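By letter and in written order, the chains are A, B, C, D, E, F, G, H, I and J; residue numbering begins at 1 in each of them.
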Amino acid sequence: MLFQVEMTVLLPPEMPAERAAEIKAAEKAYAQDLQRQGKWRHLWRVAGSYANVSIFDVEDNAELQEIVGNLPLFPYMQVSVKPLCRHPSAVREDDS
Amino acid sequence: MLFQVEMTVLLPPEMPAERAAEIKAAEKAYAQDLQRQGKWRHLWRVAGSYANVSIFDVEDNAELQEIVGNLPLFPYMQVSVKPLCRHPSAVREDDS
Amino acid sequence: MLFQVEMTVLLPPEMPAERAAEIKAAEKAYAQDLQRQGKWRHLWRVAGSYANVSIFDVEDNAELQEIVGNLPLFPYMQVSVKPLCRHPSAVREDDS
Amino acid sequence: MLFQVEMTVLLPPEMPAERAAEIKAAEKAYAQDLQRQGKWRHLWRVAGSYANVSIFDVEDNAELQEIVGNLPLFPYMQVSVKPLCRHPSAVREDDS
Amino acid sequence: MLFQVEMTVLLPPEMPAERAAEIKAAEKAYAQDLQRQGKWRHLWRVAGSYANVSIFDVEDNAELQEIVGNLPLFPYMQVSVKPLCRHPSAVREDDS
Amino acid sequence: MLFQVEMTVLLPPEMPAERAAEIKAAEKAYAQDLQRQGKWRHLWRVAGSYANVSIFDVEDNAELQEIVGNLPLFPYMQVSVKPLCRHPSAVREDDS
Amino acid sequence: MLFQVEMTVLLPPEMPAERAAEIKAAEKAYAQDLQRQGKWRHLWRVAGSYANVSIFDVEDNAELQEIVGNLPLFPYMQVSVKPLCRHPSAVREDDS
Amino acid sequence: MLFQVEMTVLLPPEMPAERAAEIKAAEKAYAQDLQRQGKWRHLWRVAGSYANVSIFDVEDNAELQEIVGNLPLFPYMQVSVKPLCRHPSAVREDDS
Amino acid sequence: MLFQVEMTVLLPPEMPAERAAEIKAAEKAYAQDLQRQGKWRHLWRVAGSYANVSIFDVEDNAELQEIVGNLPLFPYMQVSVKPLCRHPSAVREDDS
Amino acid sequence: MLFQVEMTVLLPPEMPAERAAEIKAAEKAYAQDLQRQGKWRHLWRVAGSYANVSIFDVEDNAELQEIVGNLPLFPYMQVSVKPLCRHPSAVREDDS
C-alpha cells in the first residue's frame, strides 16, 4: 500500500555541526536500509529546498507510523501524508 | 529530469454527463500515451479525492509546460509543480 | 485499517429542491448500508455546519477511494483524509 | 456530549530526554484514566505525525476545558476542537 | 451552555431582490424569536461587513446544530463555531 | 462602542512558574478591574484552548488600544479585533 | 475616529457593460460625496489591482457600517477593516 | 510616489527592558525625522495591536527600501508593502 | 523602476472558444507592444500553469496601474505585485 | 533553463554582528561569482523587505539544487521555486 510523504527538514542553524552530522548520518543509514527493504520505494530531493518527496510501500497505516515516527530527523521535520492507490488511467502493472 | 505534479480536478457538477465522459476519455488516452512514452513515469490516485500525484520525466521546463498545459482536463484543474532531483541518500540508480 | 474523513457539503443553493432531496436520500441509503457493513464505523455531524466527521474501517487505501469516490454527494464535497492507527496510550482493544 | 479534538504535539527537540519522558508518562496515565472513565472515548494516532484524533464525551464545554487544559502536554500542543452531535444518517444507537 | 458563532453572509448579487428580501425577513423573524427565548443571547453586526458575531445559549451541541442549521440564510453562510465556558477571571455571575 | 477581541496566550513553557504566576495574577486583577468598570463587558474562555473571546465597551479606538496594549499578557498574545455595532435584527435594547 | 478599510472589487466579467458602468458611476458619486463631507478622508488605488486603500473618519462603528454597507459596489467587494488611533510617534496634530 | 506599509512588531518578550527602550527610542527619532521631511506622510497605530499603518511618499522603490530597511525595529518586524496611486474617484488634489 | 508582477489567468471553461481566442489575441498584441516599448521587460510562462512571471519597467506606480489595469485578460486574472530595486550584491549595471 | 527563486532571509536578531557580517560577505561573494558565470541571471531586492527575486539559468533541477542548497544564507532562508519557460507572447529571443 502506497503513501506519498513530503518531509521538510528544519534543523536549527545553531545546532553544533557535529550533532547535525551525526543525525544526518543516522537518517541516511535508516533511509537506505528501508529503501533496500523495498519499504521506501522512492526518495527525491525537492530542488531548491531541504525537503524530499517520498513514496512508501507499507503493510498498513501502523507500519507507516512506525517508519516515519522513527526517522532520526523526525523531531525536526514538517511531514505531510497522502494515501495513494491505483489510478484508473495507470498503465504500469507494478506501480501500486 | 523529474517533476512531481499534483492535480486536483474540479469538474462542475452541472456539466452534462456526456461532455464529462468525453473529456475524461480524452484525458485517459492522453495520459496512457504519455505513460507508454515514459514521459509520465508515475500516476497515482490520492485516496478519497478526485486528485492525483504524478511524476513526469521530461527534457526541460518547456516540455513540462507542453504536456501539462495540453491535458484535456487542464482547464478544470488546480495544479502544483515541484522540481525534483536525486536525493543524496537515494539508493536506486534509475530513479532520477 | 482506520481513516478519519471530514466531509463538508457545498450544495449550490439554486439546485432544485427535488434534485437535492434525491441526492441526499441516495447519500443516506449509501451511508447506512456502509455503516451496517461495518465499513463506516462512526458518523457524526459537526454542530453548526453542513459537515461530518467520519471514521472508516477499510481493507486498504483502494477501498477508501472506492467508498469515498462513490458517495452520491462526492461532487459537492470538500474532503480531507487522515490515516489513523493505534495510539500507544489507547486502552480499548477493539478501537483500531 | 461529544467533541472531536485534534492535538499536535510540538515538544522542543532540545528538551532533556528525562524531562520529556516524565511529561509523556504523565500524559499517558492521564489519558488512560480518562479513557477508563469513559470521558475520552476514542484516541487514535494520526499516522506519520506526532498528533492524535480524539473523541471526548463530556457533560458540557466546561468539562471539555477542564480535561484538555490539564493535559500534561497541553503547553506543547496545538489543539483544535469541533463540537459533534448525532448525524441524521447515523445507524448506531450508542454513538452520540 | 454558550457558543460563539460567527456568520458571514454571501448572498449571490444576482438573486432577485424579492427573493432576497423574503429570506432576510424570514431570517429576522427567526433570529428575533430565538433572542426572545433567550437561546440567541447576543447578536452584533461586524462593522464594515455582511457578518455577525453571535452568542448562543443552548442545551447541548445538538440544539446548536438544530438552531444554526435551520437559519433561513444558512445555505448562503460561512459559519464558524467556538464552544465557550466560564473564564477564571470573569466577574459577572450570569455570563456563562 | 463595542469591539470583539479574541486573545490567544502563548506563554513559553520554559518560563519559570513563579514568573508565569506573577503575570497571570496581574492579568487577572487588570481584567477584573476593567470588568467592574464596565469597559470589559464579557470575558469567556474558549473551551479546549488558552484563549478567550471578549467584548469591550470603550469610548473609541484609542481607548481600546490603551486597554489592550496594557494587558500584562499582551507581549505573549495573538490578538484579533472586530469592531461591532447594533445588528438590525437585535432585540435587546442594552446590547450595543 | 479613523479606520483603514481595504476594498477589493470582484465584478463578474459577464456582467453587462451597461450595468457595470451604472454601478461604478453610483459608486463614484457616493465616494466623492463622502470625501467632500470629510468622512472618507483618503482614497488610493492599489497599483496593479482593482482594489483601494481608504481611511474613513467616522463618529463610531455604527457610522462605519452605515457607510461601507451602503457602497453601491458592496455586494461585489471583499472588505477588511482595521481600527486606527494616534501613534505615539506621530508628529502631525491633525492626523488622528 | 505613495506606498502603504503595514508593520507588525514582534519584540521577543525576553529582551532586556533597557535594550528594548533603546531601540524604541531610536525608532521614534527615526520616524519623527522622516515625518518632518514629508517622506513618512501618515503613521497610525492599529488599535489593539503592536502594529502600524503607514503611508510613505518616496522618489522610487529604492528610496522605500532605504527607509524601511533602516528602521531600527526592522529586524523585529513583519512588513507588507502596497504601491499606491491616484484613485479615479479621489477628490483631493494633494493626496497622491 | 522595476516591479515583479505574477499573473494567473482563470478563464471560465465555459467561455465560447471564439471569445476566448479574441481576448487572448488582444492580450498578445498588447503584451508584445509593451515589450517592444521596453515597459514589459521580461515575460515568462510558469511551467505547468496558466500563469506568468513578468518584470515591468515603469515611470511610477501610476504607470504600473495603467498598464496592468488595461490588460485585456485583467478581469480574469489574479495579480500580485512586488516593487523591486537594485540588490546590493547585483553585478550587472543595466538590471535595475 | 530558467527558474524564478524568491528568497526571504530570517537572520536571528540576536546573532553576533560579526557572525552576521561574515555570512553576508560569503553570500555576496557567492552570488556575484554565480552572476558572473551567467548562472544567476537576475538578482533584485524586494523593496521594503529582506528578500530578493532571482532568476537562475541552470542545466537542470540538480544544478538548481546545487546552487541554492549551498547559499551561505540557505539555513536562514525561506525559499520558493517556480520553473519558467518561454511565454508564447514573449518577444525577446534571448530571454528563456
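By definition in this document, contacts are C-beta pairs under 8 Å (C-beta built on N, C-alpha and C of every residue); 3 or more make two chains touch, one makes a residue touch a chain.
Labels paired with UniProt names: A, B, C, D, E, F, G, H, I, J = Muconolactone Delta-isomerase.
This structure is a prediction, so every number in the text was calculated from the model and none was measured.
Separation of chain E (Muconolactone Delta-isomerase) from chain J (Muconolactone Delta-isomerase) in touch steps, taking the shortest path, is 3. The minimum number of touch steps linking chain C (Muconolactone Delta-isomerase) to chain J (Muconolactone Delta-isomerase) comes to 2. Should one ask which of C-D and D-F has more C-beta pairs in contact, the pair is C-D.
Distance between chain centres (mean CA atoms), chain E (Muconolactone Delta-isomerase) to chain F (Muconolactone Delta-isomerase): 22 Å.
Taking the mean of the C-alpha atoms as each chain's centre, chain A (Muconolactone Delta-isomerase) and chain C (Muconolactone Delta-isomerase) sit 28 Å apart.
Distance between chain centres (mean CA atoms), chain G (Muconolactone Delta-isomerase) to chain J (Muconolactone Delta-isomerase): 39 Å. Of all residues in chain H (Muconolactone Delta-isomerase), those that touch two or more other chains are 2-3, 45, 47-48, 61-62, 64-65, 81-86, 96. Taken together, the chains touch in the following pairs: A-B, A-C, A-D, A-J, B-C, B-I, B-J, C-D, C-E, D-E, D-F, E-F, E-G, F-G, F-H, G-H, G-I, H-I, H-J, I-J.
Taken together, the chain F (Muconolactone Delta-isomerase) residues at the contact with chain H (Muconolactone Delta-isomerase) in this complex read 3, 5, 12, 61-62, 64-65, 68-69, 74-76, 79, 81.
Here chain C (Muconolactone Delta-isomerase) touches chain D (Muconolactone Delta-isomerase) in the complex through residues 2, 4, 27-28, 31-32, 35-36, 42-48, 52-53, 55, 82-92, 95-96, going by the rule given at the top. Interface residues of chain E (Muconolactone Delta-isomerase), counted against chain G (Muconolactone Delta-isomerase) in their complex, comprise 11, 13, 45, 47-50. Residues 1-3, 60-62, 64-65, 81-86, 96 of chain G (Muconolactone Delta-isomerase) touch chain F (Muconolactone Delta-isomerase) in their complex.
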